[in-house]
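These are the structures in question, set out in turn.
In the two complexes below, subunit A is the common chain; its partner is subunit B in one and subunit C in the other.
Entry: the complex of A and B
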């Protein structure tokens, strides 16, 4: 019986002009976004590889100079996009993929594409993920809203029920019918995507396939959730018209209003420090020392330097820094670098914590909308989430301190206060290995998303129960 | 007749619970949005003030040291000397750092502020991405081009719930919710036939229905706009009340034209004589297309045709230019290519100074063409967007709203150009004194050049915004059907018997109605 209903539903849909139009537009958009995403990925990837190679070459082949000055010339860390970038660009437009690694300063990842793309980028980027998250639900609503209410309006529901068809059979049949119609578009699309991925992505960890399948799973759950909600509302609403109004209203509410409200509420509850306030904090802590920390880092900068100076004088048995066999200016700079590195890490960690608190607050409100949880999971799996960005930033900062340490140590050992003009060459500069970014493993990516994963399943279960309950209350007149 | 229907419609709307709930939601959205926008502006202003205070305190402490040194010199009757370039304040009796023009120019940085205008809280625009200030020193101007502001990138990508969002995304939904079944609803309820028996032209009927709905929306928009203006503009009227008020008027114009567009679209779709469900389907697809799909497509076309040149490449080219400038320095200058004056032996400080100056100059000259190319590419992209904006009213209005609120990226570009000019002016003040070893005195501290953002004349904004809005208005008028006809002898579609009702009136009357 179910297959008969599914078959009827499927044939009705496919013969309906509505479906053909929607399917054609959807297919076109999906393909366009795929093409655009691939383009974006390719060019970004090419530019990143070329830039990283050039900057590395510039570093090694820079003019012979004082090693600390070389550290001022610095280097750049560029973030490589992962292969699933084409599917979901996540927060990529709003984070920088360039970090300047220079002496004395720990920089943020700057040059966010949104700054260069003007106001238009605020409408969002046409990616496969955007289409699946926003457009497909609306398409399901438009295809399925009249499933029950339409039949009721036209009087055919009474005939159907009089044939002895059970309500649940009807539900599964109709679900299957719409699902098969949908899969006419989505299954080929998934095949194309996986084909593309096998050409584009270098799967070094063997994780790419798992990520792809997980994406299919979560998007599948999301789509079925919307389908069940649509059928459920269609069964209980007074008419096809009110079904449509309720569902479109819910879709707009869940897709556009809730995400923004959630994000603004999280900003109200946990305000983000301004750049000025953050740097004032970095500077003040640098000067005054880290409160509550153990060791020299709790001292003020001057006290710390004094302690190091006295220690050195004692070690070498001399009375003035001028008589030291090592270069005191270099030592003092490196001392400050090391303490600033720890302080910066600590304050960055606090900032990261505040972002995580915001994430939890958003998640709590995200309970009201199935799309929010899915969005987080999708970004994480595509490698375009905050986790990836933070790993990039941390790896660049770790790379920076090693680079600076190498250069300053070279200076410390080769200059003295009496003879400070030391010039190093490319042999010294090539001590610093090229920067390389490793993307998070899948468990790191999904590590903080347990709640979101549960939420996607919960929405699915809720929609299922709702649909079943609606079927029990199905009225034929 | 118009006023009768108008009043009747208003009464009906007032008694419909869903409608009241809808308007309540809209007002609530406006209030929440106004509050959010104001918070964003406040954060912006607070961050700027913090830096202004810090720099003012720094300048004051350098000045205090200088005065102390001047007093000491006067007391001892010895000539003033210039301090070597250094980071740390000199001990009492030694020349204060403030005597050295180069060091002052580099270390006592000036804050070049881009103040928000009276309407900035209406549209957050680029405010959450970019700071409203730059620190100006003696280094190459290319170090000031990035005004990074911290914000959770997930929140940035979601966007702020500001007034622009309510206007662009939500307002159309609310309008469509009240217009999608304007006629189809009457037809389905069977009341359309009744109305047609009255001596009223369909045009008047439609006009009255639309006006009743529009008047409530206009009231809500005016009310919300004024409240948000009063709440938001108080602290930040940096450019005078007249400027802010003019912007508010433009804002009203943009929002009203945009609203009318959606009303016209709703009416037009009702003319298709389809069922309410079909209307709702068409209109929700129209909303999705015009507000989401077309803007993202336009953005896609713009970035594909004129890809914003990669900042990564810009950085790499800058470095190449730096390296080249450095390689061209002569031997003596290269010897002192050290960023720290304290690493240079005292007797060589003069050479170091010249080397520093030469290097900064060389960098500026070398990087200029790289940067120019970058800017040109960006301009081409913006031009393309300007042309393609007419593909969707949402783009037209978004660009207009950001422009009116002074949070558009082009205003940031204009500001940056002014900052660059100021950077050169400031350098012209300090550099000759530095090179000529002119000793700075405390009275010079009050005559440093200062940055003041020069806002364009409001007429230029009006000129820019009016044309796109005018075009939108014209297309609104074109979309609004000239002939409101509900029946054209297509009895097969007329399930609800409107035709039969008319037939019963007699041929003469039916013709009258159709003519009207």
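Entry: the complex of A and C
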């Protein structure tokens, strides 16, 4: 009986001009977003890879110079997008994908597309994820809102129930029918995406397939959740018109209002420092020492340097830095770099924790909206989440400290206070290995998202129970 | 076969059906007459479990409708006043769909025969229902009810919208069903058709069954006279 109902639902839907229009618009939007996403991925990938190669070439082939001057000349870390960037750009537009690595200074990521875009970009880029998160639910609502209430309005529900058709049979049949109609659009789209994925970029982690399947699973659950909610509301609402009003209201509330509220509430509850304030804090702490810390970083920079200087003088049995067999300026610079690295990491960790608390607060509010939990999971699987950005920043900073250490060590070992004009060549510069970013593994990406994963399943269970309960309250008149 | 025992249905302060006792046996055609709002359709809705009685009960084939609604629906077919069908499916597709849900495995040939028997023009069978007149939809509705081969049939003004010829053919169908021992309960305003087809006639007024007549014992004019007299109150 369920298959009979499903077949009829499917036939009625595909013969309906409403479906044909919606399907055509949706297919067009999905293909456009795929094309736009691919373009975005390809151009960013090309730029980042080419820029990384150029910066490496410039670094190695720079003119012969003092290693510390070379450290000031600096290098760049470019984050090449992962293959699933085309599907979901996540927070990429707002966080930057390039970091300038230079002596004495820990820089933030730059090259944020949001800075260059107009105000319209605030509505989000056209990505397959955006279409699936926002427009597919709307499509489901438009296709399914009259499933029960429309049949009640037209009188066919009386016919069906008088024949002894059970409400649950109707629910499963209608669900299956709409799902099959939807799959006419989504299955070819998934196949196209899979095909695209097999040609785009390289699967450096070997996890691309699993990530793709998990995206299908979570988006599938999300779509079925919306479908069940649509059918449930349709069963209990007084008319098809009121069903549409309720569902579109919920969709707008869940898709636009709650994410905005969640974002603002988390910023109010857990304020974070601005870029300028954070940078000033790093600088001040570098000079004054880290309060509450143990060891030399608790000292002021001058006190710390004095301690190192006295230690060296004692170690080498000399009374003046001029008599040291090592280059004191190099030692002092490396000392400052090392302490600033620790201080920066410490303050960065505090900032990171604030961002994570904000994320958790947003996630907590997400129980009001199925899209919030899905959005975090989607970004994590696409490699465009906060976790990916944190890993990029940390790896760039680690790379920077290694690069500076190499240069300073070269300086310390080859220059003296009496003869500080040491000049290094490309052989020295090539000691610094090229920067390479490795994306987090899937367990790292999803590790912090247990709540979101549970929430997606909870929304599914809730919608299922709601639909089943609505069937018990189904009236035909 | 169809049984109402002290059936009452109250909506707020309005009594829709009051203490209705009724039995329609196999082969019997019971025609319920009455003005609009007399409680006729409410009675049908109780038999179909579309609404719950305030008190009393209704039974189909001896089974309490409220207690075992799904089971009772196996024994009853229903034709509403306005048969509503799926507009972008043909009459044949509608019939096959409803017949399958109703539990009768109608083949395409059976469906064609049924539609022909109900008087639907052969050239309309495969056309989308969106272009059907009310009468054509009624004919498909009758075919759906016949396809179920149920032991009882509930009809809520089934001839509404049918032309006289089709109404007459419909009456013949009912008589044929009656001869097959099907219990028929028909709500109608058509006194002539009720007298022609029915074996028993009931008149409801303000929720109460105020009169019952044996169709064979009264003439057309007597039915009309009695009906109008009852409606004066």
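The rule we apply is simple: the second predicted complex is superposed on the first by the 475 of 477 C-alpha atoms of A that agree within 3 Å, B and C clash if a C-alpha of one lies under 4 Å from a C-alpha of the other, contacts with A are read in each partner's own complex, and residues count from 1 in each chain.
Criterion: contacts are C-beta pairs under 8 Å (C-beta built on N, C-alpha and C of every residue); 3 or more make two chains touch, one makes a residue touch a chain.
All values derive from a computational prediction rather than experimental measurement.
*Asks:* Have a look at where A:163 lands relative to subunit B and subunit C in the superposition and call it first, second, both or neither.
*Replies:* After superposition on chain A, A:163 lies in contact with subunit C alone.
*Asks:* Quick one: classify A:433 as touching subunit B (first), subunit C (second), both or neither.
*Replies:* In the superposition, A:433 contacts neither subunit B nor subunit C.
*Asks:* On subunit A, which partner's contacts cover more residues, subunit B's or subunit C's?
*Replies:* Counting residues of subunit A touched by each partner, the higher count goes to B.
*Asks:* Does the superposition put A:28 against subunit B (first), subunit C (second), both, or neither?
*Replies:* Neither: A:28 stays clear of subunit B and subunit C.
*Asks:* Would you sort A:461 into first (subunit B), second (subunit C), both or neither based on which partner it touches?
*Replies:* After superposition on chain A, A:461 lies in contact with neither partner.
*Asks:* Classify the contacts of A:5 with the two partner chains as first (subunit B alone), second (subunit C alone), both, or neither.
*Replies:* second
*Asks:* Using the touch definition from the top, say if A:318 reaches subunit B (first), subunit C (second), both or neither.
*Replies:* Touch partners of A:318: none, neither subunit B nor subunit C.
*Asks:* Which residues of subunit A touch subunit B in their complex?
*Replies:* Going by the criterion above, the answer is residues 18, 29, 32, 36, 39, 43-44, 47-48, 50-51, 54-55, 58, 62-63, 65-66, 68-69, 72-73, 76, 78, 90-91, 93-98, 100, 103, 108, 110-126, 130, 134-135, 138, 142, 145-146, 150, 240-241, 244-245, 248-249, 252, 256-257, 259-264, 266-268, 271-278, 280, 329, 351, 354-355, 358-359, 362, 385-386, 389, 420-421, 423.
*Asks:* What residues of subunit B sit close enough to touch subunit A in their complex?
*Replies:* Answer in residue numbers: 29, 32, 36, 39, 43-44, 46-48, 50-51, 54, 125-126, 129-131, 133, 146, 148-161, 165, 169-170, 173, 177, 181, 188, 275-277, 280-281, 284-285, 288, 291-293, 295-300, 302-304, 307-308, 310-313, 315-316, 319-320, 322-323, 326-327, 334-335, 337-340, 342-345, 378, 381-382, 385, 394-395, 398-399, 402, 408-410.
*Asks:* Can you tell me which positions in subunit A touch subunit C when the two form their complex?
*Replies:* Listed in rising order, the residues are 1, 4-5, 8, 11-12, 15-16, 154-156, 158-166, 475-477.
*Asks:* Report the residues of subunit C in contact with subunit A in the complex, numbered from low to high.
*Replies:* Per the touch definition, subunit C meets subunit A at residues 45, 48, 50-51, 70, 73-74, 76-78, 80, 82-86, 88-89, 93, 97-98, 100-103, 141, 144, 148.
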